[in-house]
Each structure stands twice: as C-alpha cells, then as structure tokens.
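The letters A, B, C, D and E name the chains in turn, as written, and every chain counts its residues from 1.
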Amino acid sequence: QAINDNQLSDPRVRKAIALAIDMDTIAETLFEGAAIPATGLTSDPGNYPEGMEAHGYDPERARELLAEAGWDGSRVLDMVYYYPDQQTADFMAVVQAMLADVGVQMEYRLLEGDVGAQISGVPEDPVNGPAVVDWDLLYGARAALAPQEYFNRFAEGQMPTVPTVPEMLPLVAQVNASADPEVQRDGYRQMEGIINENVYILPLYYQQLYIFESDRIDRNGHPYGNEQYSYNNGIIDWTVEPNEDGEHVAYTNAAPQQFFELPWQNLGIWIHNKYVFDTILEGDPTLTPIGGELAESYELSEDGLTFSFTLKDGLTWHDGAPLTAEDVKWSLETAAQVPITQPLVMATLLRIEGGQAVADGEADEMSGIGIDGNTVTVRFAELDPNVLLSFSQFAPLPMAHFEGVDPLQIQQHEFWQFPIGSGPFKIEEARMNEFTTLVPFEDYHRGVAKIDQIIALPSADGDANLIRNAAANRADFGYTKNPVDVPALEEMEHMNVYPVNIPYTRMFWINQFPRD
Amino acid sequence: MSDVPLNPGDAVRSPPRPRTRRDAQFDRIRDREAARQGTKLRGGRFLSKFLNNRLAVVGLVIFASIILLSLAAPLIAQHDPKSPNLRAMLDPPSAEHWFGTDRTGRDIFARVLYGGRVSILVGLGSALLSALIGVVIGVYSGYVGGWLDWVAMRISEIFMSFPQIILVLLLVAILGQSLLNLIVIFTLTGWGGIYRMARARMLSIREEEYVQALRSFGLGPARIAYKHMLPNALGPIMVNITLSTAAFILQEAGLSFLGLGVPMSVPTWGNILNAAQDLRLLENAWWVWLPVGATISLFVLSVNFIGDGLRDATDPSQQG
Amino acid sequence: MQPSEPILRLRDVHVHFPIKGGVFKRTKDHVRAVDGVDLDVYKGEVLGLVGESGCGKTTLGKAILQLVRATGGSVTYHGDAGETELTTLDDAGLFPFRKRLQIVFQDPHSSLNPAYTIFGSLEDPLRHYGVRSRAERRKIVGDLLEAVNMRREAMDRYPHEFSGGQRQRIGIARALSIEPELIVCDEAVSALDVSIQAQVLQLLMDLKREKQLTYVFITHDLSVTEYLCDRIAVMYLGRIVELCDAEELFANTLHPYTEALLSAIPVADLDRKSERIVLEGDVPSPVNPPSGCPFHPRCRYAQDVCRTDVPALRPYRTAAGGEHLAACHLIDQPPAD
Amino acid sequence: MTDRTPGPDPELALSVRDLKTYIYANNRCNRALDGVSFDIHRGKTLCIVGESGCGKSVTAASILQLLPELSRIEEGEIVYHGAEGPVNIERLKRNGRRMRAIRGKEIAMIFQDPMTALNPVYSIGFQIKEMLLYHTRLGKRARHAKAIDLLRSMGIPLPEKRVREYPHLYSGGMRQRAMIAIAMSCDPRILIADEPTTALDVTIQAQIFELMDTLKREQGTAIMLITHDMGVVAELADDVAVMYMGQIVEAGPVGQVLRNPLHPYTRALLESIPVLGRGKNQQIRAIPGQTPDPYDRPTGCQFAERCRYRVDACAEMPPETQVSSSHRVRCWRHREFMADAAE
Amino acid sequence: MLTYIARRLLTLIPMAIAISFLIYLGLDLTPGDAVSHMIPPDVIGTMDPERLDELRESLGLGKPFLVRYWIWITGVLQGDFGYSLAGGVQISKIFLDRLPATLELSCAALVISTILGSILGTISALTRGTFADQALTVVGMLGVSIPEFFFGLVAILVFALNLGWLPVGGRTLPGYDSFWDRLPHLIMPALVLSIMMTAGVMRYARSSMLDALSRDFIRTARSKGMPEWRVNLLHGFRVALTPVIVLIGFRLPVLIGGSVIIEQVFQWPGIGKEFLSAVRSQDYPLVMMVALFSVMAVLLASLIVDILTALIDPRVRLGD
C-alpha cells in the first residue's frame, strides 16, 4: 500500500519496477559481461538472509502489480543520473524502454551543477516529507570501504528518498557499534532482507574492478586486489621488460592534471596515492588488514578502545627527513579537520578522544593520541568497528611541509605540486596534465623497487584516451571500473585484464516522499 | 584619314593564336545564340545565376532531400529511434537495419533521420532566430543610429570579443544543457555577426538616393528601414543564415563530443556521432559513425554550397 | 524673368559635418560643406547652382529640404500662410512642407529601389499623404508616368528593366507625385548620355511650364545652366561667389573663378575657340579652407587683400540695370548701392 | 572599306580593320565591336566619341589586348606600325612576350578613373619605375631620377617628395597626371586615353588636356582619345570617329564631321546638346528612344529605330562608304545629306 | 602610433572590466560551485552539510557576490590572478604551464593554414573556372564541412593506431626536451586543426584575390607590359593580402581558445583543455581568467589587425 500520495511509496510499484528491468540481459549485452547483476545491496551473499533472491525479470508480473496498485499510466517518472559517459546514457535508454514495456513512462536527464545538493537533500520531516530532492529515480552508486557504509543512510533523518523505516534504525546502530563480524553480519542480513522485501533501494549490479596489465609487466606472484584502495600488491617486486634502450620503464595512467590529490580523500585511486605514500597498516587484496606497513607492530585492545602501534626504525621521507610519530599525530589531527577525508576514516578519527573537538575547531590536539618515542597510542571515546581498516588506509604526511596551513585549504597547498611521501616510489618529475614520472625511493624500508621508472599519463578510466594509450603501448598497468574499457582492453593482444570483486554497487534510489 | 592597303606580306605575321578551352566555350555560346535567336533569358537574373551554379544546385538538392527525409522520418523509418534491442547490438547494415544498429541495438537509420530533425532544428532554428534578432536591431539601428545603435553595438562588441567556442562553453556552463538552451546559446553567440552585417549594409544603403527620396517625403524611419531598405539587404543576410546554419550544426556536434551538447536522451547527429569516441566502435563498427558522420558533413556541405551559390547570385560584382 | 515674390529665403546657411576620429570618436574637425550662403529662390524661376565637385552644391540642396540640418543660419519658406522657419521644425512640423519641396537625384542607378516595382516605390509617399485607396494610387501613378512620357504599364516593372533616362524620368515622376512647388534637381542629367540628357531637359522644361514649378537646378555643366536657368549661382568651397541672371553671367563675368570655369569648358563649336585659362592646382579641402578669399590660391589676379579678407557677396549693377552679385575684392565696377 | 587610296604613310601608327570583338559574359554573346576600322597617325589626335556602351573602351582594350577574360577578337586586324615594321597585334598571345613588349613601350594607355587605376599599395614612384624596369635598361638610380623627371614634367610640385607618396595622397587630377607620367615614361608612339577626364572637374580637365596637347606637339605622340563629349572633340581632335552600338558610323577630320555631319546620328547628337555661348534661346532636339539592348541588337542599321530619316533600306546594314579621301560614313542616305550640305 | 596603441590599450580596460563583471554575474547565477565538484557525488551524500559550508567559506565562496567580485577584480588589476579553486594552484602558474602548449599547437596550425590556404586560394583564383579551381573549391568546402573531432579521431585511428607512425596524443614524454623530440606529437593535432582553418583561408584568399584581380589597377599593370606573374603576385596578391591578413588577425584568438576540441581529442595539455575541465568543475576563478584572457586576446587581435593593416595598406592611417 502506498503510504502517501506518491505512488512510488507503494511497494508493489517499486517491485514492479524491479521486475521490469532485465538486468541479466543488460549485463550480458550492453555491459558485455563486465557487470554482475545484483541481488542485495552488498555483493557478499553471506550478508543475505536465507532464501533471498534477486527480483529477476518478469514483465508479466510487473504489469499485474502495477495494475493492482492502480498505477497512473500517464505519470512520467523523472530519472536522473550523474555519470556523463555514453554507456550510462545507453543504459538509461534501455531502462526507459524496459519500463515503457510494462507501462511506466520515464524520462532521464543528466544532473548538472551542484550534484551533491540535488541528490542528497533530506526532508525536514523524515516520515512525511515532502521530498527535498527533485526527482523520482536516481541512478547512482555506493562504493564502500566497509559494508556499514551501505546501510548508514537508513539511520534516522539521513535518507533523501525513503521515509524512516523504524525497524532499520536499531540494525544500523548495531552494525556500527560492534567490531564483532558475527554481530555485524546478523545486522546486514536483516537489513538486506528488509530492503529486498520493500525495494527501498533497487540494487542493479555490482561493478567489478578490472586491473589491466601489459605482457611486459611481471608481478612476480603478487596478488590483484581492490586497486581503489590501498593494499599490498608488492610493487617493489614487479619487473618490466626493458625497452629498446634497455631501461625498465612502465607506463600507467591517472597522472594528475593540476595537482596531486590529498591521499586522505581517495585512498588509492591515483597512482601516486598508492606508491608515493605508505599507510600505517597494510591490507590484503580484499582490504583486510594484515600487518604493519610503516608500523613495525600494532595492537588493538580487547575492548577495541585503544589502538597502539610502533613505527619502524629509521623511516625517512623522500627528502631524507625522518618520519616521526609526530608526523603521524599531526596527520591524524589534521585529517579530522579536512572535510573531504574519506568518510569511514573520518568516522574513525571522530571517535578518537577529543576527535570531535578538533574537527569542530574547538581544540588543536586530540587528547586521545599519545606519543612515546616511535610508539603512538590512540584512545577511542567510543567503539569503532573499522579501526584497523582505517589505519590500513591512512597515510601520514610530512608535517614540516605544512607549517601553519589551514586544514580546510590543505589541498590548495603548494606541496601538492610535488609531494614528498614515504612510499616505494618518489616523484621524479611532475608536469601537470602532461606526465608524471616516478622512480624508486632508494631508502625505502622494504628495499628498492625493481622498475626503474614509472611514467604516468593523465588519462583516467572511462576516458577514451586510456584505450588509445593502451593501444599505443603507453599503458602497462592500471585499473578501470568502466565496463566499456574492458572489452576494448581485452581485445588487445598485449593486454591482460583481471577482474576483482569490490564493494561497489550501482542502484536506483526510488523517491517515495510526496513531491509538490 | 587615309587608309593604307594592307598586303598580307607587310605585317609580320605570327601564326594564328592556338585555340583554347575558352574558344570552345565561346563557340558553344555563339552557336546556341544563333540557333535560337531572339529568345530571351527566362527567369530572374538571380535565379538563373543560382541555377547555373552546379554546386549550388547539388547543394540545394541534398539539403532538401535531407530535410524531407528527416521530416518524413515516421513514414520512412521502420524502427523507433529510441527503442533498444539488446539482442541486436551493433548489427552491421542489413535489409532490416539499413545503417545497422548501435550499442543498444537501436536502428541507426531511424536515429539519423530523427536526429536530423533536432540537429536541423538547432542549426536552422538558431540561425533564423539570430538572424531575426540581428536583422530587426541591425536594420533599424543601422538606419537611424542614435542610442539604440550605440547600445546594440556595445552589446554585440561584448559578445564578439569572445572566441566563439569559449563563449559557447561559458554559456553552457551558465545556462545548463538542454535543447532549448542550446538554441538560446547559439542565438546569443550568432546574432552579433548578422547584426553587424545588416547594420553595415544599412549604412551603405542609407546613402542610396531612393532612401534620401523617401526621407524627403517625410516617411517614418521604421517604414523606410524595414519596408524599403531591408529587402535590398536580404541577399547577404541569406548567405549569412546559411553559413551560420552550417556552423551551428558543426558546433552542436562538437559540443556533443565534449559532452556538453543536447542531453543524450535526445538523438541528434552530434549525439549519435559521439559513439565514434569509443575506439572499438571507431575501428570495428564503421556503421555506427560513418553514416551519421557522412550525413552531417553532407548536410553542412550542401548548406555551404547553397551559401556560396547565394553569395555569387546576389553579388552584383560577380560576372560570369 | 523678373523676380517675383520669393518662395524660399536662405540666410547665412552653414552646414558643417563633424569629422570623428581617434580612439574615442571625438569630433576632430569640421567639413565646412556649406559656409555662409545667402540665397533667395523666387516663385517660378529656375535657379542654377554650379560649381566644382565637393563645393557643397548637394549639401545646400539637401539643406533646403532639411534632409541635412543646417548647423547655422535660416531657411524660411514663404507660402500662402506666411513665412515659416524650417530649420527649427521637427519631423512632424516639417510634414506639411515636405509636400511643397521635392528633390530629384543624380544617379539613375540608386534612385529607385531595386526590390520594388515602380508602383511599389511610388505608392508609399502617396499613402503617406493620405491617398488611401489602392485603385486611386494606381491611377495617380499611371498619370504621373504619362506625365513624364512613359507608359502606364511601366508601373508594374522593376527598375532594372529601365534605361538610365527612363529611370530619371521615373525619379521626376516620383518628385511630382505630391505636387510640390519647388523641386531641387541635383545633377538630374549629369549621369545621362548626351542623347538622353536632352530628353530629360525638355521634359523638365515642359513640366515647369505645365505645373508652374520652381527649380533649383544643381549641375556642374555650365552649358546646361545657360540653356535652362533664369539665374545662376556659382559656388566655390561652400560659398556663393557669383550670382546673377544667366545671360548677364555669360555676357559680363565678374568673378575670376567663373571666368576660368567658363573658359575651361570645351565647347562643341569649332568657330568659338577661346583662349583657355588653366587654373593651377586643385580645389582646396573644405576641412581647412584657405584664409581670405577661398579662391585666392588658384586665382591669377590674387593680391594681398585676397589672402587676408573674405570678400562679401556684393551687388553690382548690370548693363541692363539688374542686379549682379559677386564676391571678389578686385572687381573694378562700381557696386550697386 | 571600299576605295582605298594607295601609298604607304610614314606617319601611320596604327590601323584597325574590320575589328570584331565579342564578349561572352553571363553565357551570352555581346557583339561589342562589330566591324570597326580606323587609323591613328603620329602627331595627331583621333577622338572616338559615342554614348555609353557603344564600344569605345572595348576598342581601346582590343588594341592592347586588355580585354575582359570572357571575350575574344573574332575577326579583323589590328596592325601596329612600329620601328621594326608592322605587327599584327590580334595574332599575338594575349599576355605573351611580344604583346607585353608592345604594351607600355610602343602603345601606352591611360584610363577613365584615376581613383582606381593606380594600385593603392604602391608608391607612385614604384608604379612609374615598374614600367621603366621592363622597357628600359636603366639602373635603379637612373630609374628613380627618371621617375622624378617625369613627375616634374607633368607639372607635379615637389616631385622628389611626391614620388614616394602613395596614390591616396594625390588628388584626382594629380593621379591622372601620374597616370600620364607612367604612360609616357617609355616614350610610346601611341597614347590611348580612355575618357581620361570624365571623372574630373572641368578646371582639372583643362589642365590634363593642356598636358596632352603639349605631348602631342613636342613628342609627336599619336593620341587616341576616347570621350563622349562633343566639346572635347571640337577642342582637341584632329580626326574624329563617331561610334554607335559597336560600329563607327562616321569618321573623318574634325572640321568635316562637325561642320558637315553626314550620319543622322552625328547630326542628332550635335543637335541634342546645349552649346555654351548660344544663350537661352538655342534649340536643342532630343534623340527619341534609347540605345538597343546590346544582347539583342537590330540586324540592320543600329540607329534605325531612333532615326528621323529611317527608310525601309535601313533594315539592312549599310556599308561604310568613303565620301571623300578621309571622310567615311555608314548610312544608306548619306548622299542626300551631302547634297543638303552642299546647298 | 605609440600613443595610438597606448590609447587603444587603455580603452580595453573598461571593456574587459565590463565583460568580466558580466561573466562573474552569469557564473554566480548558475547552480552549484566548485565544492560540489571537488567531492564525488557518491561521497558527497554522506557528508555533513556544515562541513561543506565550512569548505565553501574557506574558499571564499560564502561572501556576497559584489564583495567577491571586488576582491577578484582588484586582485586581477594588481596582477594577482588568484587560485584555481580545485587545487589551489596559482592561475598564473597554470597559464604559464599551459600557454606554451596551446601556442605551439595553434601557431603551427596558423602557420600551416596561412601558407597553405593563401597559396591554394591564389592558385584557385588564378585558375578560376578550371577543373583545378573547382576541385580545390570542393575540397575546401569539405574541409569546413566535416566536424574537426571526426577528422581527429579518424587520423588517430589511421596514423597512430593502424599505421603506428605517430603518437596517439599528448605533447611530450619524459626526456623529450627539444622541440624536435616533441614534433611527432605535434604533427597530427596541428594538421587536423589546420584543415578547417586552411579551408577557410583558402576560400577567403580566393575571393579576395578574385576581387583584387577584377580591379582597375590590374589592367593598368597589364598595360605596362609586365609579365603575368608580376601582375598577379605583385599587384593582385599584394592587394588581396590585406583582407587575408585581417582574417588571420581575427583568427589570432584561436591561439588561445579555438582548439578546445582538438586539445581534447589529442590530449594536448593546453588552455582549451584546462578551460573545459574548469567549466565542468565550475572552477570559477580559472574559468574567469581564461575567459578574460581570451577576451583580451580578441581585443588585442583587433588592435594588431588595425596596426597590421596600417602597415600593409598605405591608405589606412591609424587615427590619432
């Protein structure tokens, strides 16, 4: 039954929409197999309740449901999306046709201007609306570092499209308040079930991440993993076939266009974030923390409220200055004040004692961080389930270079024209929008990398230039999430493509609030 | 005045001039005139001049055909341009799909026809609209001058001090993307040129004596400007309209290429051609980009031919 | 013809065109196209206005019709309702006088609108002057064409179908359409071939007789003025240098410029080969005219006084007892009182 | 030409015989010149008069082969009698070496509109020296000096300074004088002047004519002067040829033609112009009608339809008849007019 | 002359200020700002609105419009062009980085198109009516009728990917220090960019040459007995050059902004590409500066055109 005068608040209508879309065929044809039709919001079947299934494709049933719900055939749904690429437009066209097939009219448009404000406005009255956002359907995505992120929107007053679902509230709190995987999994199962049942959100497909590599590269046995984040892929052991001049040069993409991005926002998206900055802990290809990177050793207390780690001896920055615990402390405190810090990491930082105060500008230092020589101790005011994950993604910056900087404007700092890091590669030359070259850092704590030089060109995934560069032997390794790139890369004889499962789900948000 | 007998031996006789291509042409003209003496040339000088321009006629035919085909799209296309068929993706041209299908299995022929409607609407519509604005202001202010002229001139100066593409991008950023906005943007960027041309024409026509004569009768400026002077400036205005049409259609394609054109939900030539950005399609599926690319080029070419023909036909200084 | 009452009186008329220049389009200078002209035009006469190119004849003609506005001086129209100062009237105020004054232009190619038929070109003024019905307008235009020796049917044809002489006649018909009293003929025959020129001259004379018109006949061809005009004004650099009856001018030339002008004209008469006075140099620019008498740099009689003082247009008595005005310091005849 | 007096004439500079030049613009054939014959003599001025469009300029252009591109000399002869013997100009390649050797050096030309005939982007001096470069062996300095001399002899003040100036700084009269300087720079035997003063004021025209007269007297240049002004003819011509619609209708010494015109067109022309000094009571008589459409010329006498003396025979083209040793006319009825004149 | 230039330059300032105000106003009225582009939409939804406002405030986006404009314009007038919002990079640095690339590309294209265009146009005019002329005309028309990115993509497909002769794009690689090292990168974009311009210059040069050849002084030149080449080149071409120079002068701003699309196709790191991404990410200080810069380029170009015409055409005097 509809809960307000917006027919989309009727679960039968939402279900009909789900049934009208033949995701299997779309994934197979339009996405050329480079997408996995979704069942739940998260891609891990372990998070689903017993017997939960995807809605599947059943236009007959969809029509019946619509008829039952008394769907107004003259209504034209307003679908918005924010990916400007051709494939999304194609996808929209296909969805439009499929919806039309069951009698639901839909027009789609690309969002312009302040996209964030247009998609995330939450009604003042989280139950009755009216809606703040100005659309019926949103084609969007959720890329998460940890599964909680998928569900946090269902907390009270967070959801722009769904009137508060009371039964979800305790579940959201449950998965955030515990570090116990079993407790969390139980919450996920229940929430997935509720969402699937009511189609509050319609998961469409899971995006995979594709690592491409040319024949010239040899990983020497190191794994392929979630390149969007930081994990140990053993870059220092990689080798590349020498070129005509006998030099071991590897090409990659994603060089900066104007400035290097702060590694706190997108933790691994840019080549430099991965190889120039080392994180405190390291993760495996699935991002599970497996040990220290900068840290020699670490320890999380039983209650999960104290985390301490000791930095390796003799760590230096690329400029030769020592990397100290002070640097780490300063970095943690500053990151809490930078609005664009990755949300999960930010959540961790805010739960440190005094973290909120620093973030709010009421204090300069976090009382919860203590230093003893090379050892840093972090005390949490409340339990955070993702401490290790956050620290496996967090890279400290050299404090000495940021004297007196306003954290809000840290990205605008000159440092980002030629960053100094702590990772296996250091920046040799940075010509914005043209190329960036990296060379091994000779004092790297794990040894010196074998590739002599990495040349990064400024093409990003989904950019036709990536394919052109690859075709011209100017892309030896890198990754893309764009399904269009995949078949093109696969077709090239000298390129290999390795799909990796990542937590990234594309979905429809269905606006159930009444609109006026 | 005495005459000297000319003996053939007297003069230094050079051999007769060799015949050239021109001679053959002249002989043809003479023969034709001899054949039908006295028949007068039919039709206006303008029309006959235009029709004599082979390229212009070819252009007109292509132009008219493409417009007609686009208008008659519902009758000609057997497929819906917007309905995808995922089981028929990227089919090469066949009896079923004359131009093949695109990445979602839509019939490209139908898309090109329907896309033509929008693209031509954008091109021709903006050209006409900017001509309308430019002419209405330019004709009056060119004749009367005064503050209106001053203001219009300053505004047009502002618009014309931008490189075209920068201004278009800026306006896209300001106004946002939509079909209507695109027409508005093109009109905004295009009116200045026509305004200035119309104004300049008026300034020269203003000195013609028939205008002075009308003034001496005390006729109002609007009447003199629009009724009596404007018709004499139509030639260059028409040329200008054709050229802007061509330019706007190309710009629409360029903007689509940059992803800033008409929203992708609307098929336009530019949006269809955008598929060529995909290297794989460029290499392997020529039908996705070649027919539409050819259509754009052919249409623009035909418009340019017409413009050239109009220019020659309306330019009194051109002989031949 | 004896001067009757004046129809138009020009006093000290100046027309200065600003020359704009520089980045800021400021007025830098003035073209003194007409620089202080006194002139009376009498009812029913043909007043000739001659002079070299650029001396301001056209500008003066247009200033009479208020097509260019005089920058100084007065132009008064003397009609049945008394005198009216034209230079101060606005467009609406001028409306009744537009009907009285008309103009015929020089260039047969640009004097008709190529986009309209003859009727199309001629009907608008008629409509403007209150002829509402189209049938009536067609009748009037037809009559006008017949008046200028053309066929009625011509009204539905386009200007390019006519020869120069015919177009000129159409131009005259247009000027006649609102039955003016005074017509300014600005080089009305200059662009025509001699064989056609005569046709138009005769037409003009016939019309004048029929409709009691007054002409201001602007030309640079003195032989035409002699044939056509009752009085002749010779202009030089924006001023009138000599003004008198036509016969008097040729019989008793007073001004050295007129003298040179007359002698320079090649005459198609083998028996009349006079000595040619060749003037040195060119007509000076009206932007910065010479000091004193504008003609002095080219004048073979020039003396010191000519370089400093501007000679006034003074009356002299003619042999026949009439009035002969000339502007020269060196005329040794006694001025009329 | 029916009867020709035999015997070579050392003063003969150029003879044109039965010249036909057609223009093929607009895909139509315009028989601009349809059988034109005349001679030019050294030290004499031949005036060609006629209405606009009668083919005066085409005649001049034919002699130097400076015709519009879409045109052709169909028939006839143009024989130039130079120092090296006669040359058939019409047989030379239009812009070939031999034609160019004649242009400027042997036959020079000045044009109607001095405003447009000079190249605005080169100095006057450059344009004079260009001519010297091609037709003399003078060195650079000598050419410069000669250019200054020429300007001086044309009566241009301050020639040293003026030689460096561009045409737009010259007044119309000065430009025409500069044109004459260019034309006279290589002492041509023939000077063709195509309405050199039409665009100028009478006082300036007098200056130019004075100059041309001097040249003729001092250098013995043969002058072909094109005009439409009978006054000019009366003042300057030794011989005159009256053209009408691409033909010479009457030609002869100026005294004979003007005093005793034998062609109705010449007569009508003389009657139709007011003559200065004849006062207000002179009779002028307009020629009725207008010139025929050049693309649709009558087959017979071109003037017939405007002619007062038209007879049936006029439907056929009358031949050119030599009425005296030097006077010829193209009219069926010329004998009647001769008789009239004799009375 | 110098005072003239100085005067003209002074008049540019109010014009530039007026234009900058209008752009600033226009941009201010558009929804969204740089902040909404700095953070991916996937993330922005989860962010605390207060933090976003803080960020806005710190970037100076929170102040009232006029205040912001005032700060901006006074900065610009003092030579402080401000910072790109996205990365805080000094805009002057971005210009210094990007301008050489853009100038390199556009100058190459301008030179190629000028030389090729005027030569071909002259040939076409001199052989008017012949097959060569018609072929050149049609080819020239094709050149202006095919979307330039289409040329570019096909060129990449053929020359870079299939034949492997030239790099796919970019301007330089590590170690490519001299111009000659980079030349292979330049060839394709420069040629593609110059195609359209060449065609334009060619058509213009042709008609200008025809116009010059129909003038009276050509006949005068012929009457001097000079060889044809001298008539055609020294007299015809020299006079025809003026309008061609004017055309090219007015193309100068293309040096800044006209190659947006080509820069995009060939990954050429120039101003155009920068502008495009600035427009997309609503990085207003950068958009403003590029727009202002290109406006200044246009205005300067028109000054240069005036000076050039005064230099090559003795009739033109710079008003003083």
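Criterion: a residue touches a chain if its C-beta (ideal position, glycine included) is under 8 Å from a C-beta of that chain, and two chains touch if they have at least 3 such contacts.
By chain, with names taken from UniProt: B, E = ABC transporter membrane-spanning permease-oligopeptide transport; C = Oligopeptide ABC transporter ATP-binding protein; D = Oligopeptide ABC transporter, ATP-binding protein.
Computed from a predicted structure; not experimentally measured.
K.L.:
Computing the C-alpha centre of each chain, which chain sits at the greatest distance from subunit A?
P.N.:
D
K.L.:
For the chain pairs A-E and A-B, which is connected through the larger number of C-beta pairs in contact?
P.N.:
A-E
K.L.:
How many angstrom lie between the centres of subunit B and subunit E, each centre taken as the mean Cα position?
P.N.:
Here subunit B and subunit E have centroids separated by 24 Å.
K.L.:
Per the centroid of Cα atoms for each chain, what is the distance between subunit B and subunit D, given in Å?
P.N.:
For subunit B versus subunit D, the centre distance works out to 46 Å.
K.L.:
From the C-alpha centre of subunit A to that of subunit D, how far is it in Å?
P.N.:
92
K.L.:
Find the geometric centre of each of subunit C and subunit D from their Cα atoms only, then give the gap between the two centres in Å, rounded to an integer.
P.N.:
That gives a centre separation of 33 Å.
K.L.:
By the touch rule stated above, which residues of subunit A touch at least two different other chains?
P.N.:
Each of 112-113, 468, 471 in subunit A touches at least two other chains.
K.L.:
In the complex of these two chains, what residues of subunit E are touching subunit B?
P.N.:
15, 18-19, 22-23, 26-27, 29-31, 129-130, 134, 137-138, 141-142, 144-150, 153-154, 157, 161, 211, 214, 253-254, 256-258, 260-261, 264, 272, 275-276, 279, 282, 287, 290-291, 294-295, 297-299
K.L.:
Under the stated contact criterion, what part of subunit C meets subunit B in this complex?
P.N.:
Touch residues, subunit C against subunit B: 62, 65, 67, 91, 94-95, 98, 101-103, 105-107, 110-116, 121, 124-125, 128-129, 160, 171, 174-175, 178.
K.L.:
Report the residues of subunit A in contact with subunit E in the complex, numbered from low to high.
P.N.:
82, 111-117, 119-120, 140-143, 149, 152-153, 160, 257-259, 265-266, 339-340, 342-343, 406, 408-409, 411-414, 416-417, 428-429, 431-435, 437, 453, 455, 457-459, 465, 468-469, 471-472, 474
K.L.:
Under the definition above, what is the set of subunit B residues touching subunit E in their complex?
P.N.:
Residues in contact with subunit E: 21, 55, 157-158, 160-166, 169-176, 246, 250, 253-254, 257-258, 260, 273, 276-277, 279, 282-283, 289, 293, 296-298, 300-301, 304-305, 308, 317, 319-320.
K.L.:
If we count contacts the way the header does, which residues on subunit C are in touch with subunit D in the complex?
P.N.:
52-53, 163, 165-166, 193-199, 201-202, 220, 222-224, 226-228, 246-247, 250, 260-270, 272-273, 276-279, 282-283
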